[in-house]
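Two complexes come next, and they have one chain in common, chain A, joined by chain B in the first and chain C in the second.
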Partner chain A sequence: MRGAFLRRVGEAALLVGFVVATCFVLIRLAPGDPFYGPLDSATWSAEQAAVQRAQFGYDRPIPEQFLRYVWRLAQGDLGWSHARGQPVAEALATALPATALLITSALTLAFLLGIALGAWQGWRRESRLARLTDLASLTVLSIPEFLLALLLLIGPATAWGWFPTGGLRDPYLPANAGVLLDRLRHLALPTLALALPIMAVVMRLQAGATTAVRDAEFIRAARARGLPDRVVLRVHALRNSLIPALTYAGVQLSTALGGAVIVEGIFSWPGMGRLVVEGVGRRDYPLVAGAVLIAAICTVLGTLLADLALLWADPRRRRPS
Partner chain B sequence: MTEPTAVLDVRTLGVRRGGLALALDGVSFRVDRGERIGVVGHSGAGKSTLAGALLGLLPRGAQLTPQSELYLGGDAMHRADARRWRAARGARIGLVMQEPMLALDPAMRIGAQVAEAATAHGVARDDADARAIDMLAKVGFGDPRAAARAYAHELSGGMRQRALIAAAMLMRPAVLVADEPTTALDPTIQAQVLDLLDALRAESGTALLLISHDLALVSERCDRVLRLEQGRLVEDDAAATVLARHRIAEYRHAETAPPRPSPEAAPPVLDARDITVRYGRVEAVRGVSLALRAGEALGVVGESGSGKSSLAHALLRLVPIAEGTLRLGAGREGAEPIDLGRLHGEALRRARRRIQLIPQDAGASLTPHCTAESLVAEGLEVHGLARGAEALRRARALLDELGIDAALAARRARQLSTGERQRVAIARALAVGPEILVCDEPLAAVDEATRERIIAVLETQRRGGLALVVISHDLPAVERLAPRAMVMYLGRVVEQGASATVLRAPAMPYAQALVSAVPTGDPAATRRRIVLQGEIPAPASPPPGCAFHPRCPHPQKDERCTSERPSLVPIPPLESEHHAACWKLPLPPSR
Partner chain C sequence: MPRVLRRPAAALACLLAACGTGDTGDRGNTATGGTVIVAVSFDGTKLIPSTWETSSDRMFTELLFDPLVEIGPGLNTAGDVGFAPRLAERWSWSADSLAIRFTLHADAKWHDGQPVVARDAVAAFRLLKGPYSSSTLRGEMAQIDSVTAPDARTVLVHFPAKSGHQLYLASLILPVPTHLTDAIPDSALGRSEWARRPIGSGPYRLNRREPGVETEFVAVTDHYRGRPGPYRILVAQATSADAAVARVLAGEADVYDALPPNRVAEVAAQSHLRVVRSDDWNYAYAAFNYRDPADTARAHPALRERALRRALTMAIDRVGNVRAVFDTLARVGQGPFARINSPADSNLTQLPYDTAAANRLLDSLGWTQRDAQGFRSRAGRRLRLRAIVPELSNARKATSIRMQEQWRRVGVDVEVQLLEQEQFTQRRLNGNFDIVFGAWGTTPLRATITGTWGGRTTPGWGAQNNSRFESAVADSALARAVRATDPVAARAAYRQAYQTIVDEAAAIWLYEPLGMNAVHRRFELPAWRAEAWWRTLPQWRVDPAQALPRDRAPEAP
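Up next, the complex of A and B:
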């Protein structure tokens, strides 16, 4: 058991290393660099840029740069963000909580609601309402993510004015006003935009699995013991149909990070997504590397968590002790 | 309106399930307190529909006809709503189902599932848990607390069924419906479970409705037998009367003419010597030897876990053979003798045309969305024997021989009945013209009519020169199909010889217990029966000495049985080629 765990951690570390190395190389292969200004720029002369490049070591071979990067990383130094004019660690420290909040709330909403609705829908497959929700999930799935975010921005935010159009908080909020409510109002639309497509998939997976387990012998046996229908669904059917949704959850953290790039852009959410877009655009090598490192670690942790959840859901996967 | 003594009163019960024909039609009967009633019939006769109707658990789309009346202890359940049904289920009427592996929630501990039967009827959690532990002890768990913490996959089939019985009997219902409760179990375990059901019934006064396709089994265990045919109740009589009418016992004990063995001179088509199969440290098969000539048949019997299926897989090299040799003899059409044990890759694949397997649960081995004919034709194409239209034509011809007509052959596997699927699986194995056919439980879970049909098919093939290895729990069927038989226990052959001897008058105690477990229809047989204690030990750690000694009922077992392993020794008369492995055999005249 312990050996398996250590092997797993080793694999994860290898994966993170591979992802960071790939991005490290790819962004250096893209044209330009942090000191490559527009031709008519008054800021940098070619000579000044060359001096800067040499100062940050960008004129050396890429493998050497990578080794230097890893060496500094080992000492806890993520480098200097040229775009932000501050250490990468500081830039990430301000952006990460905003994204974590957005993704956590979106994934929680998507999975809790998706599993609940999907289980109900699969259990009552023949009812009219179930068919309606099935259609609704299909509709959401067929709308591209960015369009969904834009629709939310145009409708509830701009036209009807129920929600703010962007940002993390209201800068002009009077002191002692409802801070929590203000935060929630700002969080609502981006969360929804990120959660809805994931929720639609979770719902469909869960509905399919619930329908499949609905006619299982052990469900019939539970009924024969006199259990009420809702208990049979909640206790026996649900846990035995969670596996597809949990498996999907394992890969969702990375997808959500990708989705956050779009959603954060549309709702001016000051998170990692916007940071990465800015970093890539300005060839801010250290910032991109730092962001990718964080994303890779999150993805690996996500799959690890999902695997643990699968062990909980299905005792047959556990090794005999 | 009903007499107070009837715990269950069924009047003109009918079930409509789409279509025009009723799944159950005008069934009326009465069950008194503590009565033992058997329900028999072919598959599709409405037995399981009846079980569902009695518990208000009909499949989706099925409903009671308006004239149906169903009284449970005087309550009119045909007018009951969901709430009243729920209160009755588990408390006043219980259900035990066929597949213990499927009937337990794989993700919930056994104790919780048993206790549920009490909490569902308003018993407090702590009390329910305590009752569940008591009940688990009563149904035969040596350590009920450990059992309560176990998950279904950690228990054997017999123990799972005991747990389900514990759940069904926890609230001491007035009626227990047992729908084929032992069909999925070994005969030795079957006897244990039926004894348990009967003991619980006698203790709590519960009436037992035992549903089974096996009239002999039901007659042994019940006072009265109901027989269903196409949804109608066609017989309701004392068990002995029904049995006599069907003369099942007579057919079971009929001296079937043993098939003539082929001339001794012919070399064997299959020659396996000292085959050992290992899975990691577990030895599933230990030094088994067998030889078959064309047109010969060998039966292999023993409990689950005795290594029968591993042996079958080893004969086809589907699992690696750790030790021993495996040879195919010179075949028909001048095929060369080959050392199957050493073949690899393409050569092994081609050799497999000569030895085919009908896997256990063969119906499930068919891809559900493929048509029967395409499944059979696939084998012909894979081995390059025919292609396209020609392969389909030959597939249809073969299926037709097995009683699957063109209309059925064009259906998809999932649309066929269990018996039909079984025959398609046989056709698939036969299509490539094998010389040896290994059948792993070809008759498990099929009704009497299908059973006869499959036996006839295999018998015809054997007469045509096919060599058969028949692995089965069904001892009477093995005896009819195979002139020779061997009994396996924990991976070793413990007795072998002519089927008429080994399966009727075996020499060693394990084989004796196995043979005595076969239902004969005679209630007195249950008293003569040797019911083995416990279950087959895990093959990972076989007991020292004679592997059977911990369960052996022999009165004189001693030190030697527990320390030294007996080998197969001939039993006189020597020309019978009867061998058994036991220290307590009557000594041969000279050794």
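Up next, the complex of A and C:
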């Protein structure tokens, strides 16, 4: 068991290293560099760009740059972000909690509501309301994520003024206003934009799985024992129908990170997604490398957590093969 | 400006400033307070004078640091008419006009209470001109010989030669606090703690900053020019122009200075907002490459012919294109300048929009054979050109598509290539294009044109002349214009240079966008300064009847 765990960790480290190295090389092969932007200015000279490039070592061969990066990384130095004008570690330390909050809220909402609604929908497959929720989930799924986010921005935020249009908080909240309420108001739309598409998938997976176990023998046995319907659903059917949703959860962290890029952009949410877009757009090599490193570690950890959840839900997986 | 007139002009400028023309601030004004939230779609990353690159950087820097003197609203750079005192309370010219002596304001001090001294200006010049300067102003500093400090309150700026914009060049020097920067090596200054939390001399000090999110400045209440109006300036980054507009529409931000043309009507319809129109420093062009993209050492196989460039220009309906893309929110380009530039000349003779003449010219050049699609060819070679356009610019994209169709009508096959910004810049710098849809941001500095359209044979010129336009006549006129100290002579020389460039059909002058700014109605504004609107922020006032809760937020400790 210990050996298997260590092997898994080793594989994860290799995977993270491979992803970081690939991004490190790819972004340097793309046209431009961190000092290309000002070259669009009529008064900026190529000579100035060359001096800046040399100062940060971007004029050296890519393998040498990579070795220097690894050496500095080993010392805990992620480099200097040109796009943000601060150390990369600081930029990540600010952005990571914001994205973690957004993704955690979105995934929690998506899975809790998705599983609950899906289970109910599967259990009451024939009811009109269940068919309506099925149609609603299909509708959400058919709307592209960016469009959904834009609709939320245009309607509830800009046109009706129910929610703020972006940001984490109101910078000048009156003293008598609730800080928690303000944070929740800012969090609401980005969370919904990110959660709704995931929730729709979870609902459909859960509904299918619940329908599949609804007529199983152990359910009939539970009913025969005279257990109330909701207890049968909650205690017996739900746990046995969770596998598809939990398997799906394993890959959702990376999907949610991808979605965060769009949602953070639309709602000016100061998280990792926005940081990466800014870093790539401005060819901020150290920022991109740092963000990819963190994202890769988070994804690997997320997958590991999902595997553990599957072990909890399915005792058969705990047995050695 | 004749030397004999300089002293009286400087004295007059000082007198006007002292009489409260608005240049010296608002000492004694009681209508202060309030919060201005500025939405920006690109956050500033450089806060100190020797590093700024973008307009957000410049806004941050100019809120935090005062210059020695400031150019007036008329943007005249010749002589010293219109210039207002800032850290320097007065100035005088040397007998040979090759040096300016500035006397620092006795009350000027840094935000930490230390007095501003002459060597702060010396250090600022050294940093700005030095190898580690990332400022777009670095090139201009070559026109200043040295800056010295004969005593603590006197700054001497020396010039290698007389030019028409010496005082303006000196105004670009924003002193830095040497009592804080002396201990930091020049190479490390840009990443130092001071650069991230600068102590400045301007009307606002940095209160807090979250890079990529927001930066808050608060008023220096005991500033030597008087207490600024709004107490707080919050610069909040939105991720895009649309996100910034959404913030302004929702009342979460008060100012956005880059309204896209398609959002102007929507903003103007809001009762809490006004749209302020202003001139703009940018002009867009479609330049023809004089060199072969495959080998820039050779002349371009087709575009080397002046008549072909003129035919391609005459095939384009510039007025119609501007109207279609911008409606009334831009003006038709007239040459290598924006109308806000002081030597701009809107009376130049332009090549007309005349497709019949364009067709005749193309026929006369031998591009007579037509294929099934109607495209012209000569000696079996189709008249096919590649135009590069930055994907990010909606206006240039729309204009290029219209022009592609207009060229098609005269039988010219133009392939429009939409490129990501960095790729576009790389292709432009390498000369890998036939036509480049570019845009230049100009400055009050008249010499900017030598970098973009000046011939590369003149030292220091043509660094951004990517289409390799060369004209001895234009270069000679530009050289005279840059040297001229008399505004009339300078204007005449510029006119000759502009007309030559237009006649040569070096480029098609597309448009000059108008600046569209959304501003909350609760502010009483002074005249909008197109070149740097934030310079008047200390004079903004909040109408008490319309004040918002954020205007009453408590002052920072």
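Structural remarks
We adopt the following convention: the second predicted complex is superposed on the first by the 311 of 321 C-alpha atoms of A that agree within 3 Å, B and C clash if a C-alpha of one lies under 4 Å from a C-alpha of the other, contacts with A are read in each partner's own complex, and residues count from 1 in each chain.
Simple rule for what comes next: a contact is a pair of C-beta atoms (placed from the backbone, for glycine too) under 8 Å apart; a residue touches a chain by one contact, two chains touch by 3 or more.
Everything numeric in this text was worked out from a predicted model, so none of it was measured.
In the model built by aligning both structures on chain A, chain B fits alongside chain C without clashing. By the touch criterion defined above, A:135 reaches neither chain B nor chain C.
Once the two complexes are overlaid on the shared chain, A:217 sits against chain B while remaining clear of chain C.
Of the two partner chains placed by superposition, only chain C is touched by A:46; chain B is not. After the superposition on chain A, the angle chain B-chain A-chain C between C-alpha centres rounds to 160°, nearest 10. In the superposition on chain A, contact of A:231 is made with chain B only, not with chain C. By the touch criterion stated above, A:314 is placed in contact with chain B alone, chain C being left untouched.
Legend: residue contacts after superposition of the two complexes on their common chain; A:147 is shown touching neither chain B nor chain C.
By the touch criterion defined above, A:25 reaches neither chain B nor chain C. Comparing chain B with chain C, more residues of chain A are touched by C.
Here chain B and chain C sit at a least CA-CA distance of 48 Å once the structures share a frame through chain A.
Within the complex formed with chain A, the chain B residues making contact are 55, 57, 59-60, 82, 86-91, 94-95, 97, 99, 102-108, 113, 116-117, 120-121, 151, 153-154, 164, 167-168. Touching chain B in their complex are the following residues of chain A: 126, 215-218, 220-229, 231, 235-236, 239-240, 313-316, 320.
The touching residues of chain A, counted against chain C in their complex, run 30-32, 35-46, 48, 51-52, 55, 80-86, 91, 94-95, 153, 157-158, 161, 164-168, 171-172, 174, 264-268, 270, 274-275, 277-278, 281, 283. Chain contact summary for the complex, chain C toward chain A: residues 35, 37, 43, 45-47, 53-54, 131-134, 136-140, 187, 191, 195-196, 210-214, 216, 234, 236-240, 243, 246-247, 249-250, 252, 420-423, 425-426, 429, 440-443, 445, 448, 451-452, 463-464, 549-550, 553.
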